[in-house]
Amino acid sequence: MRKTISYVLVTAGALVMLVPFVAALSNSLKSFAQYIQVPPTWIPDPIQWDNYAEVWRRTPFGLYLANSLVIAILAVIGNVLTSAMVGHALARMRLPGRQALLTMALGTMMLPTVITIVPNFLLFRSLGWLDTLLPLIAPYWLATPIGIFLMRQTFLGIPKDFEEAAGLDGANPWQVFWRIHLPLAKPALATLAVFTFTTSWKAVLEPTIYLTSPENYTLPVGVLSLKGQFVGNDQLVTAAAMMSLLPMLVVFILAQRYFVRGTMSAGLKG
Amino acid sequence: MRVRMLAAAAVAVLTVAGTAACGGSADDSGAVTLRLGFYAAAGDPADTTMRELVKEFTAANPSIKVQLEVAPYVKFFEKLRTQIAGGQAPQVWLSDGVLVQEFAARGALADLSDRVKTVNAADYSGIELNRDAKGRVYGFPQGAQTPVLFYNKKLFADAKVAEPTADWTYDDLAAAAKKLTTDTNGDGKPDTYGFRAYSPGFTESWWPIIKAFGGDIVTDDNRKVVVDSSQSKAALDWMLGAMGKDGFAPDYAFTEGLGKGVVHTLFATGRVAMSYGIYARTLPATSAGVDFGVAPLPKGPAGRGNVAIVNSWVVNKSASAAQADAAWKWITFFSGEGPQRKWAELGEAIPINKKVAAAALSADRHAFLDSLDAATDLGVNAVWSEYTEALAKRMGEALSGASPVDTALATGQKEAQEVIDRFYAGQPQ
Amino acid sequence: MTVLTGRAGKVAAERRPPARKRHAGERVWAVAFASPYLLHLVALAAWPLLASLFFSMTDYDLVSSPKFVGFDNFARMFNDGLFWRTLGNTAYFAVLFVPTQTVLALALAIALNQRLRGMALFRAAYFVPVVSSWVVVAYVADAVFNPQTGIANQVLDFFGLPAENWLQDPALVIPTLAAVAVWKGVGYMMVLFLAGLQAIPEERYEAAKIDGASAWNRFRYITLPGVSGTTFLVLVLTSIETLQSFEQVFVMTDGGPHGASELTVLHLYRQGFQFFQMGYASAIAWVLFVLVLALTMVQFRLQRRWVHYA
């Protein structure tokens, strides 16, 4: 009985989640005439697959994709590496002022993005980084608070005896970190990786501010710019939006358990 | 081992990302590199023509190298503003006419007053519309836009209504529009409306209507907002009547619901029989195969309320002397007869070269030229975007019925005035 | 309970000196390991805080050099009707969004926690909006809420209700945005709750059942206290996020119709990057920062009253 109610609730919810995507997908396959037709049709007739080809032909979509990928991959590498290092320092090393740093990390987590917009713009301007991909990558190479907390938590959970058991008494801290602790933290690393990838992939504000040349656009900014490109042809922009979702969807399907487990452990463990 | 690979890869990609950004500034042997920005959708006829003209220009001036920076309108200005903030704006760009003074006031533009003196002002339209309160000129006209009354000949013929004339008044417009409003499928809602009264683009909506009714938006060098008047109220009431009890115009919510880009297709798709439209609107109407005519704006109690926007070339203040010279060379090249004719073929803007304009616009399009001659500017000043946005919000409230017309006018005037005062209070007079 | 607070106990355990002799350069190593974050604190925390505090007291158009104006920007903000309106819009959005999302996420998590078959599939369905960018969501939402061609009005029509203008209606725009935001975010919060639920020991429920506790009482006295930590986390995260909400309105409505959905951060962005008033934008940023801080502190205060840690 309770299960039945649950099934109904959860299924209804899942439909609410997915039907809009189907509707948008349907929109992306319509001709303009059908796109604005009232009442709308569910199944486009004819199905205009060419919308996708047209987006690809008429926009530097491949370039946007490449930019988004370069940024996301470098952000992932940077954030996973540096957050693990800092998390390790906080959890397993004799770092002076460890408590203070921990508190400050908590504080920076509360720091709203809005307050950083203007000063960071000036910082990157003075570095000559405007209209490059760097402002979207570099911050991830300085560790993120959420990553630090996740990694610290993970490293705290690794029993002490591992170090001794590994017989690496003479090893330097980097080797201990790299050979013993990091491999044990793989699930957390994967979690941090997928979350960083998603965050970077989805970003709209920063790329809007920092990227001005179309050849530097990321997918979201590129798709947004198409609004003016295909005036009155929203079915094409919808197709472009659907196309920009695809890579993220692939990553999500491949790494789904890390998203879910990650959310769970990041949110709750400890 | 794997660390090193990782690090190497990271350094490699960072380097690529870094170098991708630079480049483009170095030049040798006295050649000038000019970054030239303009707005157009990629692949549009305007884009193609501009590229051809640039090619022609560089062929004639081999020492000038031009780098184009093109983006669709909204994106172009969004990015231009960040570029100005970042000190990275192009050396010469095409500015929406209403924004020239804004950029100038931020110290982003070179004063072109002296250069403009070298041309024969009588040959071009719109130079005076770019002059600021102190008599300085920061932009040179590229193309002009002014609203006139578009009408769909077929719909007029079908409804057996006489086509608009230059003598039309707002009452004539309303009477015709009522006859043109039809509900063919009998669902109680018109399928064709006589007139499109409201548009988020106020150049083709409440601005000229208020002026025609004897109201005004700003006066005193465009520093004093005077929109809160009984004349403005009469104008908005007329619009509300059109969308409400008279029912010959689609209402506010319907029009907003279409989205900004689609509003302009209302006329092109035959859903309204008449609409105010700037010259650029001839393009979608023509390409949709609509048989249409244009007439002067109807006469209100105080005239027609003609306004114009002169889109203009502007030169970056931080351009080097050589770049500024090259930029001016480009501007005079573009204003010349050959390029102007070529640009006129697009049918996107009224050519600013008067000789070309007279020849390029057929006799039945001369309403545009007459309107342009009679037009005033669109209230441009250093905070145009900000004050008109404040005002447009309140106008939207009035025209959607969300708040009473007098309240909206009063608050709109107050808020717009605050924006203007705040800016000019901090300026040396 | 969470990454946010960590556990004092373990830290204390860490502090005990290890039995074996410490490596001579261990501190140096530790600082080296932590160096990315030390740099982060300087460049991405201290600098923006101090710089924006400074700019908030200047008139700065990013082109000419900043001019010191004292507290003028804050005085202006106080009298800026539009600023108050955006703050009101933001609060209205938050009031609709935060509780709805929290309650729905909890309900879905409880349902999913019944060991349903196909749970992974369901979870995935709820997560797709979470990983989508706002740009994608804007077009997905248009397929639903477009007044002419969207599904929402078809549904209303099916039930014989009049059509609505959704995002174009000043009265409906914020509720519609909140609904879309819930749709996008509920999956993430649901998974958080799911984790919280799964951490509640099964025996407690067994024991309660044996004692004859009703389903409601089991929910009230076991489930709710059991997930109070998660709820707290969810509330803190969503409040911070909501006060800073920008991308959604930037992409979906641009603040319209006539400013009815202009949220504070969009206002800030406009002032800064559209109207070149970086000083004023910085002042708004600081006020928001203080608000976020205050809200978080209040929540931490209140948590003592209702959050139970197992």
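By letter and in written order, the chains are A, B and C; residue numbering begins at 1 in each of them.
Basically, contacts are C-beta pairs under 8 Å (C-beta built on N, C-alpha and C of every residue); 3 or more make two chains touch, one makes a residue touch a chain.
This is a predicted model, so every value here is computed, not measured.
Q: If each chain is a node and each touching pair an edge, is that a line, ring, star, complete or other?
A: Drawn as a graph, the chains make a fully connected set, so complete.
Q: Can you check which chain pair, B-C or A-C, has more C-beta pairs in contact?
A: Between A-C and B-C, contacts are more numerous in A-C.
Q: Distance-wise, how many Å sit between the C-alpha centres of chain B and chain C, to the nearest whole number?
A: Their C-alpha centroids are separated by 39 Å.
Q: Give, as an integer number of Å, the spacing between the C-alpha centres of chain C and chain A.
A: 16
Q: Which positions in chain B are in touch with at least two other chains?
A: Chain B, residues with two or more chain partners: 78, 82, 85-87.
Q: Two or more other chains in contact with one residue: find those residues in chain A.
A: In chain A, residues 36, 208-209, 224, 234 touch at least two other chains, as defined above.
Q: For chain C, which residues are shared contacts with two or more other chains?
A: Those would be 62, 148, 273, 278.
Q: Provide the residue numbers of chain A that touch chain B in the complex, in ascending order.
A: Residues 36, 58-59, 70, 73-74, 77-78, 81, 121, 125, 128-134, 137, 178, 208-210, 212-216, 224-232, 234.
Q: Any idea which chain C residues touch chain B in the complex?
A: 59, 61-64, 67, 76, 81-82, 146-148, 165, 168-170, 256-259, 273-276, 278
Q: Tell me, which parts of chain A touch chain C in their complex?
A: The contact residues of chain A facing chain C are 2-3, 5-7, 9-11, 13-14, 16-21, 23-24, 26-27, 35-40, 82, 85-86, 88-96, 98-99, 101-102, 104-120, 122-123, 139, 141-143, 146, 148-150, 152-153, 156, 169, 172-174, 177, 198, 201-205, 208-209, 219-220, 223-224, 234, 237-238, 241-242, 244-245, 248-249, 251-253, 256, 259-260, 263-270.
Q: Any idea which chain B residues touch chain C in the complex?
A: Per the touch definition, chain B meets chain C at residues 78, 81-82, 84-87, 106-108, 253-254, 256-258, 383, 385-386, 390, 392-397, 400, 402, 415, 422, 426.
Q: In their complex, what parts of chain B are in touch with chain A?
A: Going by the criterion above, the answer is residues 3, 6, 9-10, 13-14, 16-18, 20-22, 41-43, 69-76, 78-79, 82-83, 85-88, 259, 261-262, 265, 284.
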